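Below are two complexes that have subunit A in common, paired first with subunit B and then with subunit C.
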Partner chain A sequence: MEPITRKNSGKLVWLWRSLGSVRLAVVLLILLVIDLSLAYFSINGRSIIFEPMNQVGIWPWLNTYAMANLRYTAWFFIFLVLLSALVLNTLVCTTDRLWKLLRQRKEQKSNKRFFFALSTHTMHLGMVVILIGYLISYTMSQVYPSLTLIPQKETIVAGTNLRVKLTSMTLPIYEGKRLETFTGMVISPSVQLRVATPATERTASLGFNNPVYFQGYTFFLQRFSPTKNANMSNAHYIVIDVRRDPGVLFYFVGISFFLGGLLCYVIFWIRSRQPRRVPS
Partner chain B sequence: MVPFLAAVTSGQLLFLAQLIYALSLGLALLKQNNALTFWVMTLGAVLNGFALAWHYWHSWPMMPMYIGLPALLFCLAVIWLIGFHQRLADSGRIENLIIQGLIVFLGLITLLFPKDFYLPFLRSATIWSHIFLITGIMAKALLLMAAIKALLFLIYRHNKKITSRQGLASAMPWAISGFVCLTLSMFSGEVWSYLGWGTPVVWHDPAITTVMAIWFYWIALLHLHYTRSWNEAQRAIFMMIGGLLVILFACHPDMGPFRLPFKELF
Partner chain C sequence: MNRLVKTISLIVSVTFFLVACDDAEKTVKKAFLQIGEFTITKVNNDLTLIRDGAGRTLALAPREAPTPEGYEPHMIVRTPVKKVVAYGSFDVATLRVLGVLEETLVGVTSPKEKWFVDDVKNGMESGKIVYLGTSNAIDFERLKQQQPELVLTWDPSIIPMLNDLGIACVITSTPVAMCLNARMSFVKFLAPFFERQKEADEFFERVRSSLADIKERTAGMWPKPEVMWGDMYEKRVLVEPGNAWIGELIVLTQSGYLFEDVYGASCIEISMERFLYSGKDADIYFTYRTPQNGATSKAALAKLNPLMASIKPLGSEGKVYSPLPHYSQSGDKLDEIFTELSAIMHPDLYPGYELRYFQSLPETDPPKEINLHE
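So, the complex of A and B:
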């Protein structure tokens, strides 16, 4: 590797500035728009190729489904490259400008301008954290999909020391008239789940959009039976996914950062648009 | 009124709303009485609102499916009605006509390619799905307004006495509020995706990529605006292309097979 001298330090500064330039950001964003527009037409009617990514993770998916259907998944490879470049660009740009902003903090008389600038950088950092969360989620998640549970029978989640038991199921039948097509069907299932390790246990209610959290694992309801009053099959069971996803915290923290930044930005933007009071 | 509303379907209400929107556009083009144009448009918006309420009534607590286009028409009609009297003062007549033309165009697509026959699904019975839907539709309406403002700027930019209404700066509040709504829609969709499926992105619906595409496009526009790296005319053209992108991605995912509306009406 070449040692850093005055001559090539100029090149490094140029490279750093180019990497963090807004022009590069705009080019990357436009390329992302083109790529995602093509993605829409590639996924449309072929979501079956993409759905397994959520269960097997990104690398196994890229090696199998993506490689086998390159015509429809090529956009995803380009998407990953563009997104990585955008993260790099955002990080360099934000680091550079945030550093300058903090250094000039004492010289600035107006708090408003400082916080306005800070809000945009908070959004940038939020977006980077969200994307890091996605990467962690798709590379490091442990997924135990489609676990079928029948009432009162304990099941061991393979590869873990977790034991799960479906203790009760409440499947109220909808008998109203407003939701005509759902008459005689179950629309709000409620399931009691007991999850345990050798050391501890927990009983909690599980439903759609209401997962159960336990010792870093999350249990999601995927399907249930019976779904109708007069179902052909009378079997009582539920199907759950168990996930251990270390990326979740990152992307929710990222969302909070982004929304916090956006809120500050909107407040300062509205205040800056209001006409100043003229002293009487 | 109540028995009438109980007897009609949302398709019939929407059909009537589209006819009335078209009538309102006709009145505006013929430079007829402004008050009449306004009240005809109001009637169209009311019928459109009832059609949406019908869908929600028959889906709640779940999310009604594919109501994006009729809801977008409603949002645009409300925007038109709120700003109608202000727009009478200057070049606003053209602005009014463009919004009305857009409503009629989108209305035609809604009528001829309906997709509202899908049933709601159980996982959509959460507040996050409703925030995702409503803020997403509001975002598209606001971003379309930004594009219309940009078009007006391009029309009037050579005028020596350009008003603040015709300047490109007048498009920015629409663009920023549209971006805020779109961000809220995306993030509420993400929360819903996690709670419902346990994953950050649900690949069942390809429309997710269209929302991301629109979001990235308007981020690019905001960067161009704040760095002033392009001149106003270039930014206005960029904004207009953004509007076309919104129209394409608002329409295509919500378009069903071609079907004549008369079957539904009678």
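So, the complex of A and C:
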């Protein structure tokens, strides 16, 4: 391995500074806007190419759906590269500035200025953690898609020791008058789900925006039947997706960082605008 | 000079990228095929993964191959499949295209008198093919007796029961209507189950060439007839959305489809106002009703639903077409159906064409003969 000489270290410093430069961030953001504008036209009406990414994960999706439809998915490959570069840029920039800030901490007498500066970096770090969470979700999630449940029949989630049972299902018909299109239709069913492992069990309500959490697994309602008062099919069933997503924790940590930073920023910004009291 | 070099290298890079994309696409398409929401992934000679219309993954393995690991027994299908039950008439038609209907079909959900396909009628007469009850009241005992290895259905509610019986099930419908390409290629999705890829390719090629012919014949046709496809029932109005194969085909035949902006499942519900509003501009109207269901004349349709009388095709200026009873079972004649639809849109381009799958409705029903002797 080549020893670090003064010449080499100069190159490294230059590389480090370039990676964390604001100019690079601006260029990357402009390129992202251009790429996402292309994405608008590529996705439009072709959601069936992109939707399976949620179920199969990013690497299998890139190897199959994306590669088979490159003219519509090329933007996504570019997007991944640009986003990775932006994460690297944010990380280097934040590390660099945080380091400087911490070194100057001893010399600074004002806590207000320190925390004000720190808050922006906390928000940046929060964003990086959220993006890492997304990467983990799309690479490491276990998804058990489209599990059909009929009332009172227990089903085993293949590949796990989970048992799921649809214990009750009521279908309230929309009776309002404001949304005429939904007259005679079920907008949201009332579903009770019992999930169990050999050791423990839980019964909970399941809805479209109300997933059930159990032992690290999340149960999402995908669709249900019948959806209408006078439906052609009278079959009663729900279809659920079961996911085990280790990225969720990162979202919460990232969002907490971001909100903490934002709160700090707002508080110190307001305080910095208040006129100083002059001692009488 | 420097700028010129940069421009040339940019053009070369972009060209190289596009060529590489095209090559990569072709390579991947050999192992992975997407047909609407269905997919086929050939992992190796002993394992092919398929994703059905409900998003479930099934493993196809030749009979002599080792059992694929990581799949429940009811998610493994041994190929070629020897016994199959089919709910939908399009699935049955697809089996016919693949040339396996006679030897593999053992159960259907329509009684014998509703079938127009000779192979099915003969099979039911001989007792090889069994009527299993209507789709919402299947006789599972009978189904079990038939010992199918695979059930092709649009109804996910039977999956838990079939899992218990250890029978593999494939959902052949999708939450969003099949586009034209998916409708034509669906045969390629079922082909690996029966190891009949060659037959599937031949059928696809036949339908593709009929489309090419339609495109060539109708190129530049003007004015474009405005078309609507759907029906008004007592409480509901159902139409074919613009993303469905019907909507796409109508546009391809140089015609205007009045529900092109509607997106969703086949037979999607829309408001009555929208149906009537579009009906004012329509030249041709396709009803879902067959003559047996009351579509015998324009006057008969207007009598069934007086509000519908206001749409233009029901007047003297427009045309109304009704599918003949065997139309829904003729999925193996997609090329002929496409051509017939094109001939309906542009009769001048198809002189002497005789309709086989649709009938043009007269203004009124012919007067009933009164038997004076009674």
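We take it that the second predicted complex is superposed on the first by the 265 of 280 C-alpha atoms of A that agree within 3 Å, B and C clash if a C-alpha of one lies under 4 Å from a C-alpha of the other, contacts with A are read in each partner's own complex, and residues count from 1 in each chain.
The rule we apply is simple: contacts are C-beta pairs under 8 Å (C-beta built on N, C-alpha and C of every residue); 3 or more make two chains touch, one makes a residue touch a chain.
Quick caveat, the model's predicted, so the values are computed rather than measured.
After overlaying the two complexes on the shared chain, residue contacts for A:44 are found with subunit B alone; subunit C is out of touch.
Once the two complexes are laid over each other on the shared chain, residue contacts for A:149 go to subunit C alone; subunit B is not touched. By the touch criterion defined above, A:209 lies against subunit B but remains apart from subunit C after alignment on the C-alpha atoms of chain A. By the document's definition of touching, neither partner reaches A:165: not subunit B, not subunit C. Contacts of A:121 after superposition: neither subunit B nor subunit C is touched. When the two structures are aligned on the shared chain, A:266 is found in touch with subunit B, with no touch to subunit C.
Contacts of A:53 after superposition: subunit B is touched, whereas subunit C is not reached.
In the superposition on chain A, the chain among subunit B and subunit C reaching more residues of subunit A is B. In the superposed model, A:181 lies in contact with both subunit B and subunit C.
By the touch criterion stated above, A:68 is placed in contact with subunit C alone, subunit B being left untouched. Applying the stated touch rule to the two superposed structures, the overlap between the subunit B and subunit C interfaces on subunit A comprises residues 180-181. Touching subunit A in their complex are the following residues of subunit C: 21-22, 24-25, 27-29, 32-34, 36-37, 39, 41, 51, 54-57, 70-72, 75, 135-136, 155-157, 159-161, 163, 175-176, 235-236, 243, 271. On the side of subunit A, the complex with subunit C involves touching residues 45, 48-49, 52, 55, 63-65, 67-71, 74, 145-146, 148-150, 153, 155, 158-159, 180-181, 184, 223, 225, 230, 233-237, 239. Subunit A contributes residues 22-23, 25-26, 29-30, 32-33, 36-37, 39-40, 43-44, 47, 50-51, 53-54, 133-134, 137-138, 178-181, 187-189, 208-211, 218, 220, 241, 243, 245, 247-248, 251, 255, 258-259, 262, 266, 269, 273 to its touches with subunit B in the complex.
Those residues of subunit B that touch subunit A in the complex are listed here as 57-59, 62, 119, 122-123, 125-126, 128, 173, 176, 180, 183-184, 187, 190-192, 194-207, 209-210, 212-213, 216-217, 219-220, 223-224, 227, 229, 245, 249, 252-253.
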